[in-house]
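Notes for the one structure printed next.
Should a chain be cited, it is by its letter among A, B, C, D and E, assigned in written order, with residues numbered from 1 in that chain.
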Amino acid sequence: MFEGIKGPNPSDIQGPDLRVLVVHARWNLQAIEPLVKGAVDKMINHHAVKPENIDIRSVPGSWELPVGIRSFMASNRYDAVIGIGVLIKGSTMHFEYISEAVVHGLMRIGLDTGVPVILGLLTVLNEEQALHRAGLNGGHNHGDDWGSAAVEMGLKSLNN
Amino acid sequence: MFEGIKGPNPSDIQGPDLRVLVVHARWNLQAIEPLVKGAVDKMINHHAVKPENIDIRSVPGSWELPVGIRSFMASNRYDAVIGIGVLIKGSTMHFEYISEAVVHGLMRIGLDTGVPVILGLLTVLNEEQALHRAGLNGGHNHGDDWGSAAVEMGLKSLNN
Amino acid sequence: MFEGIKGPNPSDIQGPDLRVLVVHARWNLQAIEPLVKGAVDKMINHHAVKPENIDIRSVPGSWELPVGIRSFMASNRYDAVIGIGVLIKGSTMHFEYISEAVVHGLMRIGLDTGVPVILGLLTVLNEEQALHRAGLNGGHNHGDDWGSAAVEMGLKSLNN
Amino acid sequence: MFEGIKGPNPSDIQGPDLRVLVVHARWNLQAIEPLVKGAVDKMINHHAVKPENIDIRSVPGSWELPVGIRSFMASNRYDAVIGIGVLIKGSTMHFEYISEAVVHGLMRIGLDTGVPVILGLLTVLNEEQALHRAGLNGGHNHGDDWGSAAVEMGLKSLNN
Amino acid sequence: MFEGIKGPNPSDIQGPDLRVLVVHARWNLQAIEPLVKGAVDKMINHHAVKPENIDIRSVPGSWELPVGIRSFMASNRYDAVIGIGVLIKGSTMHFEYISEAVVHGLMRIGLDTGVPVILGLLTVLNEEQALHRAGLNGGHNHGDDWGSAAVEMGLKSLNN
């Protein structure tokens, strides 16, 4: 089977029956809020995901994303998950170690469960980079890509 | 379900029945002590956790945090865990390798067990940074955040 | 048994009955397309793999390669897999964390399942490096090597 | 339960019935020998571990520490393990990759088995740093700390 | 039990009944060939391993070492394994990510199976370093050490 090569984010996929879990951290809310909104709006407006099929949950910080996702997945069945957090380089090495562990943790959940977990984690060097990737100051809102990726991967996972 | 976006550490959550395990290393005690106290006080005073429901155990160094936590969790049921240690960059590469392994170890325990393990590990470049993050010299005591995160994640884990 | 030392990519191996899964990301399509084509053409033209035995699937980005591969492998039996993506260093640390997690994820799938997963991931510092390794601008198309590696490893895995 | 905060290496713990496995690499023997002796002497002289309850085994290099420990643990029951090796930065990247993998391997064994594995691995930039941490040239013998950590963690693991 | 401290590679151990698997990559053959020969000759000539008990298999590149070893181990019982490859730093980040993943993959196989997997992977910054460690240009052939390590660890694994 050759599905053809399309651009990174095809907008013609429709997931009216998909159940999606969005878990976001709450540090750097100025960037988190538009990212969450961007992902959710994209799923609803472009991919026909029903609002009532999207659960939006929060955890304190990005560190808690993997264990939170695992916990939320234990009580409901989801077809795709998006983990959203913003980590900004600080003066200690906290950024490096937490970034690496969270990214590996999110990868592990996808491979352990088979449910696609989209990486909605910004690992940036300063606040300006975070805001730009959240669609502010003229940047592209990366939540938009994450929403599309969740729908596409959720559908592919279901259909395989 | 949309729980709404709140700030990083909501103080209105109450966990009177939560059982929390706090495990701390004993190197760099000058910072460890206020961090442990900060986490415990926050849980008791702001989140209604009962003092008798908090077990505080120690291990020699941060390396022993994961295996110690695993061991303590084997004998008692806990709803949340906080692992507290202070690692300071030295002249060898010990800091880098131990930091990475401990952080991954703590992440693994959370994903293996489903019990949230809060990262109370300072990975800092000098002693001043450690003390500042322990609430000394005018800094913010990070134990305060860890206590709130433990209560919130413990409740969310229980209620899912 | 000593099979003798041959060059990196022997062209005399034939896999007419091999079923191969090729999963590619869709970011940086200018490089992805010739890489996918290079791998597929090599398998068909030099190693006698039947076109109908090659499934070509896509995922949005390199992050989704491991979970996508795992998902596609759940529904069909494959003798070898090639995961193709192009990651280019940007101004944040996204490149570093995603590269590391994807590479570990692909390694894990091979070790978990026993099915060889070939690393078709370019982790490059700029677009020029990507295009060169995709066979453009006078470079060698690395897809060519991946196709041969998939056939050889698929056969070795089957015959052991 | 609050066990109180003590210094990093309390000397008043007694482990007369503890069985301890010490596995050491044999590269950089000038540092390895005092480190092994430091750990063993501390366990016997300060913590009442019986000499006949301490097994000292060797492997060629630090790479073999994890698999050697796993193998030795398969045939005897131990309450604590110390893995001792000395890795010194060289002109290739061997040091970096071997250090990281060995440290993760030792962490994994502790978490897989529940038996505390103490990290007796020096990851140093030059020979002088290794000798100093082995108690030579006026340095503190780190084996001393490892012996105490093994006894404390072995007892805590047994009593939980 | 105290087996005494010997140098890194004792030559008086004899493994006439050991079955050893040697898997090597084929990139950088100029270094690979003497490394493989060095390891095999050492096992046969110094440690009495029977030539017919040594299986020498190849894979295309170092990436395929872990999955190849796993595959070859599935069909035959081996007492020790040596994975031999040469990775040389290039102008992209391929070297870093592949090195790390392969080293972790080899470590995992040893811990998953209990069969010692010796790290015969050169992770070098240039071709000259590779050739030197392969015994050329006056260097020490590291294959010699790997062969001894395989015999020693194979015997220790069998006898525990």
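Quick note on the criterion: a contact is a pair of C-beta atoms (placed from the backbone, for glycine too) under 8 Å apart; a residue touches a chain by one contact, two chains touch by 3 or more.
Quick caveat, the model's predicted, so the values are computed rather than measured.
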Practice task
For copies chain C and chain E, work out whether under half or over half of the interface numbers are shared, and give different or same accordingly.
Solution key: different
Fill in the blank from the handout: Distance between the CA centroids of chain B and chain D (whole Å) is 25
Practice task
Between chain B and chain E, tell me the centre distance in angstrom, where each centre is the average of that chain's C-alpha atoms.
Solution key: 41
Exercise for the section: List, in ascending order, every residue of chain E touching at least 2 other chains. Expected result: 100, 104
Problem - Cyclic chain order - from chain C, heading first toward chain E - result: C, E, D, B, A
Problem - Residues of chain A touching chain B in the complex - result: 24-27, 29, 32-33, 36, 55-61, 63-64, 66-68, 70-72, 74-75, 91-94, 96-98, 100-102, 104-105, 108-109, 112
Practice task
Please name which positions on chain C make contact with chain E in the complex.
Solution key: 1-9, 89, 99-100, 103-104, 106-107, 110-111, 114-119, 121-125, 129, 133, 145, 148-149, 152-153, 156-157, 160
